[in-house]
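Okay, so chain A shows up in both of these, paired with chain B first and chain C after.
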Partner chain A sequence: MLGFIGRRLATGLLLAFTVVTGMYFFLMLTGSDPARGALGLYATEEQVAVKREQLGLDRPVVTQYLDWLSGVVRGDLGISSAQNARVIDLIVSRLPVTVSLALGAVLVAAVLGVALGLLAATRPGPLDRVLQVVMVLGFSLPNFWVAIILALTFAVQLGWFPATGYIHLSDSPSGWLWSIVLPITALSIGSIAAIAQQLRNSVITVNSQAYVRTLRSRGLSQRNILLAHVLRNAAPPALTMLSLQFIAAMSGAAIVERVFGLQGIGAVAINASGNSDIPVIMGVLLFTVLVVVLVNLTVDILYAALNPKVRNA
Partner chain B sequence: MQLPRTLTAAFAVVVLALAGCGAGGQAQEADSSQLVLGNNGDVLTWDPAEMKEGAVIHYAEAVYDPLLRKTAESKIEGNLATEYEYNDDLTELTLKLREGVTFSDGATFDGEAVKVNIEARKAGAGSASEAARVIVRVEVTDPGTVRLHLSEPSPGLLAALATYLGYMASPTALAAGGIATTPVGSGPYLLDAGASEKGVSYRFTAREGYWNREAFPFETVVIRPYEEFTARYNALATGQIQFMYGTSDMVPKAKSDGLTVKTVPGEWQGIILQDRAGEASAALGDVRVRQAINHALDRKAILDTHYSGFGQVSTQTFNPSSEAWVPELNERYPYDPAKARELLAAAGHGDGFKIKISFSEGFMSPLVPIVTQYLGDVGITVEQVPVNGFANGGLETLKGQPAFMLSFSTNIPAWTDVLNKLTPTSLWNHFGYTDETVTRLLKEIPAAQGDEQAALYKELNTHLVEQAWFAPIVTQENVYLSKPEIDVTMQQAQLMPSLRFFAPAN
Partner chain C sequence: MSVDMTAAPAGRTSRRLRAFLGNPMGVVAGGVLLAIVVASILAPLLAPRDPNLVVLAEALRPPSLDHPLGTDGNGRDILSRLLFGGRVSLQAGVIMLATALLCGIPAGLLAGYYARWFDGVSSWIFNMLMSLPEILIIIVVIASLGSGLAPTMITLGVLASPDIFRLTRSAVIGVREELYFDAARVAGLSDLRIIFRHVLSVVLGPILVRSSFIFGMAIIVQSGLEFLGFGDPQRPSWGGELSNAFQSFQRAPELVIAPGVAIGCTVMALVLFGAALADSLGVSLRSKAKRAARPARTDAPRVEERAVDGEPTSDALLRVEDLAVRYVAEDGTAKDVVRGVSLHVARGEVLGLVGESGSGKSQTSFAILGLLPPDAVVSARQLCLDGQPLIGLREGEMQKIRGRRMAYVPQEPMSNLDPSFTVGAQLTKPMRRQLGLSRKAATARALELLDRVGIPDPARTLAAYPHQLSGGMAQRVLIAGAVSCDPELLIADEPTTALDVTVQAEVLELLRDLQRERDMGLVLVTHNLGVVADICDRVAVMRDGVLVEQRPVADLFADPRHEYTRMLLNSTLEDAPPRRERGDLQEVGS
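Presenting the complex of A and B:
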């Protein structure tokens, strides 16, 4: 198992290295000007040149890249070119918002998606058809639109939840929960539908296999067969879907954060893009890629736990 | 089935742990002694030398006091400098300084502090640096008097001293080098760092002993940045903030939600026909073609449909309250496609021609197809050239383009607009174009004052409209929304009204 994890980890890190390296050179060679972005339109060319020198942008791109990479290895993501702040501090200070939303959305999606998927798979007929329609509807609603509607309805009109802002858990646990309910709902609706649909189809497929009929013929209860045997074999595709939904929630959070006035990683990334703040953009990118690698690794480990044959793949 | 339960528990633990990483909060609710402002964006630096024009002025005004200040009509009056006076040829400005003022770190406000601040502004890259360039020397004649020696008369200098050029930071803090992250000023409030969270909420508390306390009646001011209009509006509608800069399409909803709506003439929007010598687009070198473009636009229809009536049709690029404004000029180019075709034919373009019009993608994008259609109706084929944001290379792309569309601020005094768009070195005059009349007037205006100067501004404006340097469409109304519990006095030619124009409604 350790060898399996090691191989997967090495593959993931190689992927992360490739992506961030490609993005670094893409950003540096496509006209972005962090010096101009930091100083603004009214800075003279002389001032921009001085700033460029201060930021080390007058050096060869490869040299800059190697410096950045060595900093990353030491845990130093550099200094924002547009703000007087360390990139790592900017990211860490915004992590609670984005992680609360993404993990919360996936948790909600996992629980409700599995429940609805099992319900649809085991109740063929009208209920399944209704759930299918609901799932398609859930797929088709863009999360920013859902976010706007939720904010208008439950915050502005009804006043049940705060319209904007994030309250830290340490300040008020109930306030924290209240501040993330609507964003999480907006983020998770599509994921619930995706997981439910995936699980429904998998369960129906597995349910029709011969070994399930054999189990039934031996007199095992339907509940036992479903939970102990069918779900175990139907879970991998749903797990894959869950990991994809986590990644989607990370990116979707960038939009939903804006609708609810939340200052998460997405807000950092969007503001950094407007200022050509390459150190921050790269920091956010690195963080995101590592999250993707970590999530994929976790899913691989879960696969391996569910199916030992996977460990030899 | 143990695994899912374990996973669920793990998720919960991680969520709880990560959610606890942050610090601070933003749960202050508004009361009568507190003003809560929604801002268009975050403050990226507290150094006045690096600050850019715009909504960031509220952050700056909370902690810094300017040497001069603007009235609601944007007239200049004394502030930290109680008196100001030019010499006869307008190349020396003498400032008498208020006595007994200190910075929040205990440093004394005096002539040396003014000198240090202005020299820092000259070296910076913020909005103040442009106006500071004419200051060649700061002479401290005595602790209470400063004389600014100018390379040439500068009509925009007083207004600049009422904002970023004039914001006074502690000379001790400037010398220490930490002003970008920790503001130390002589202003009406102190930043409460412990109750603030970067990018989320900034809380300012009234500074004891401030010399002009009655002008700032709130005990605390909270500023919350919201980049997204929808979020900002929802925050206002639910009482999380009390004031915001809005958009015209929010007005009906705002009125039905019981919010106060105020407007003030703001930016002009339209086309800068910057290739007036016809270097990149030969056709634009002919004034008749530029005039034809102006005749081709149905400004009234665009105002009513695209801007929902929030603005006024305009052929001018100055502020309606400025000394340069000439109301009659707005009649110069009535919508007249036949006249436009006639002018094009006279210029040898009876069969039409192609022109590239650039624009920075975003809020101008919906206006571009409208302009494209109107120009197409008279035979001018527009090739739309979207460019990146200015920090992402867009500015460089614009420099080679014959025409572009943007939204431009209008200012009082009008000299700020002159510096922005009309001199051969202006940022928005990429081809460096000028002519004899403009060259003459740009020399005469700074050397004049009062009515004589106003007449020259009007002459300049009339010439620009006649020569069709631009094809403005409207001067739009900036929209401001507030809760009924506060009073806000609108301020001409400033994106955000100064903090001292906010007061409790009672």
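Presenting the complex of A and C:
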């Protein structure tokens, strides 16, 4: 099992390294100019040249990359080229917002998606059809639009929730919960439908397997077979879907944040993109990819815990 | 050969077209899509105003004749802007979809066809693409290439291509395993031609369906980017409209509705169109799932009880009279798979249930066990186990009988063990439930049983997972499971068919020994008359759902009355292998 986790972790880190390296050279070689980005459109060429030297952009790209990489290994992500701040501070101050949203959305989606999926699979009829409709709606309606409608209805009109702003968990746990309810709702609707649909299909597939009939022939109850045997065998594809939904939620959070005026990683990245602030962009990218790797690793471990064949492979 | 191939798809195409046109959802969705495309193309003609005409005096007007959807914060006509905005969304969709197809299909074809290192490398790359959060990647791309439509949508297309890649790759692998692939190769067709002729025709349907999803995704993500402010403010777009509306959120909240509806309706039409397409192409998960859905239902099959004519139950262990199994299809047509079957089994008796595949043997067995899917309608004048009627019992009452009083040995050992649980877990659970044993007592009994069914190292097998067992071992485990709660009746559905010939004889012998030891009634479903001759007391012959003959074995072999029985006997005796097998059995048995 430890060997399995080690291999998966190594693969994940290799993936992160490949993505980050590829993106670094892509950014550096396709004409983005952090010096110009930092100084704005009206700076003179001379000012830009000085800034360029200051930022070390006159050195060969490979040297810059190696510098950056050795910094990363030491936990130093460098300094923003547009503002006087350490990249790591910028990210660490904003990450909790985005992670609260993405993790919250995925947790909600996992609980409700599994419950709905099981119900739809075992009670075909109205519920199943409603789920199909919700699935289509969940996919078709952009989550930022749903977010706007939610904000409009529940925050502006009814005043039940704060319309904007993030409250830190350490400041006020209830305020924190209240401030993320609407964004999480907007983010999770599509994921709930996707997970429910996936689980429904795999429960139906597993239910038609011969061993389910044999378990019934031994006198086990339908409920026990469903919850212990069928769910366990149907879980792996739903888990994969869950990890994909988490990645989607990280993306979605970047947009939904804006609707609710939350200053998350998305806002940092958007600003950095406008200023060609390469250190910040790379920092955000690195963090996001590492979070994704971590989530995928968790899913792999769960997968192995559920499936003896994976574990022994 | 080539004539057949070209003729078949043509007939199929028209049939699929008819199927598609018969689906109102698909036709409506298609109509909506067509209307949106036409409206976007004809936007310059249809739009009541210049979409960029700013009339500050007319800002935030409610809908009127002049402005059917009202005006935005700059006094621009919203309907005109949405009409022109549709062009951006459609362009975005076309670019993203084309990129996804151009990356995914060739790579999938090559990876599936040539496998080896190319498959490894490309699968790794596409897996990596799947784990990238798209918005962040897009932000990186925008930072270096600007926020033009082409670079962003091409990037998104690349990020969406794993879907297409995986579809194509698995379809190619599927085709490679088909026989006609080898035939085509032997016939001298070039690789390229085989790919185009066979593989593309297979993947085209699923790819069309996924394409409609990707197109929808393109519209949503592109709107999201416009909403975030990555876009040309002069160029009207749906996401940009939503962003504008969001700016004047406090003064005119209703403005957010129209752009959202435009996006939502278009994407929904695409999704439903894709789903309808999938249904008519027969690639849909839903229709497959629908067929499979029935066994998933938790309620027991409907049982119609016919008037019981008051006939006293004899001392037979199992008594079945006039059993019928009927399946009613969704279109209302009924199919009787078993009709008028009457049979009986006494304690300590072995009844052979013989017939070709599809003759209703297994359906009869499952009807007795109450394990038919819910869409099966079972009826019988009598269906009694040791005098207790089984028909009309609730699922909960049947659960007490299954395993405890009558048990089942399946045909295919590997697919009848839950792959995620150890042998021990699967063996002990029913004993704890049905016999009320403690975990420890159940484990001890499971070890004894495994030893009894001839498993050399019971402790190790108990801890093993099904995939670590051989077929013969797995079948022994299943037999141990079947007898674990001391049933009076055992129903074995072709218990040796899936096993190696050498193991077959041993497993049969085991079944017979257990049956004698425990004085069980045994129904042995088989198509092998050699097996019947060796271990059955009586034999019932089935054909097309009807019992054609039921007699003691010796009588039947000496003087088969029914034409069909004679045919079965002749075919068995003419074939060399079954006779040899029979010889084996007698040797082992003696």
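Here is the rule we go by: the second predicted complex is superposed on the first by the 311 of 313 C-alpha atoms of A that agree within 3 Å, B and C clash if a C-alpha of one lies under 4 Å from a C-alpha of the other, contacts with A are read in each partner's own complex, and residues count from 1 in each chain.
Keep in mind that, in the parts below, a residue touches a chain if its C-beta (ideal position, glycine included) is under 8 Å from a C-beta of that chain, and two chains touch if they have at least 3 such contacts.
The shown structure was predicted, so the numbers you read here are calculated from the model rather than taken from an experiment.
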Name the contact category of A:M250: first (chain B only), second (chain C only), both, or neither.
-> second
Does chain B (first) or chain C (second) touch A:V284, or do both, or does neither?
-> second
First (chain B), second (chain C), both or neither touched by A:L118 = neither
Could you say whether A:V108 touches chain B, chain C, both of them, or neither, answering first, second, both or neither?
-> neither
Which of chain B and chain C A:R258 touches, first, second, both or neither = both
In the overlay, answer first, second, both or neither for which of chain B and chain C A:V156 touches.
-> both
Have a look at where A:I91 lands relative to chain B and chain C in the superposition and call it first, second, both or neither.
-> neither
Give one of first, second, both or neither to describe whether A:L239 is in contact with chain B, with chain C, with both, or with none.
-> neither
Touching A:T164, do we find chain B (first), chain C (second), both, or neither?
-> first
For chain A, which residues lie in the overlap of the chain B contacts and the chain C contacts?
-> 30-32, 148, 152, 156, 258-259, 270, 273-274, 276
Across the complex, what residues on chain C touch chain A?
-> 128, 130-137, 139-145, 213, 216, 220, 223-224, 227-229, 242, 246, 249-250, 253, 256, 259-260, 263-265, 267-268, 271-272, 275, 285-286, 289, 292-298, 366, 369, 371, 395-396, 399-404, 407-408, 410, 412, 415-421, 426, 429-430, 433-434, 465, 467, 478, 481-482, 484-485
Any idea which chain B residues touch chain A in the complex?
-> 1, 3-4, 7-8, 11-12, 14-16, 18-27, 41-42, 44-45, 50, 52, 125-127, 129-130, 180-181, 197-200, 224, 226-228, 230-232, 234-235, 237-238, 240, 388-393, 395-396, 427
Parts of chain A lying in touch with chain B, wherever the complex brings them together | 30-33, 36-37, 39-44, 47-48, 51, 82-85, 92-97, 99-100, 103-104, 106-107, 110-111, 114, 148, 151-152, 155-156, 159, 162-172, 175-176, 227-228, 258-261, 263, 267-268, 270-271, 273-276, 302, 305
Would you mind writing out the residues of chain A in touch with chain C in their complex?
-> 15, 18-19, 23, 26-27, 30-32, 121-124, 128, 132, 136-137, 139-142, 144-145, 148-149, 152, 156, 200-201, 203-205, 207-222, 226, 229, 232-233, 243-244, 247-248, 250-252, 254-255, 258-259, 266, 269-270, 272-274, 276, 278, 281, 284-285, 288-289, 292-293, 296, 306-309, 312
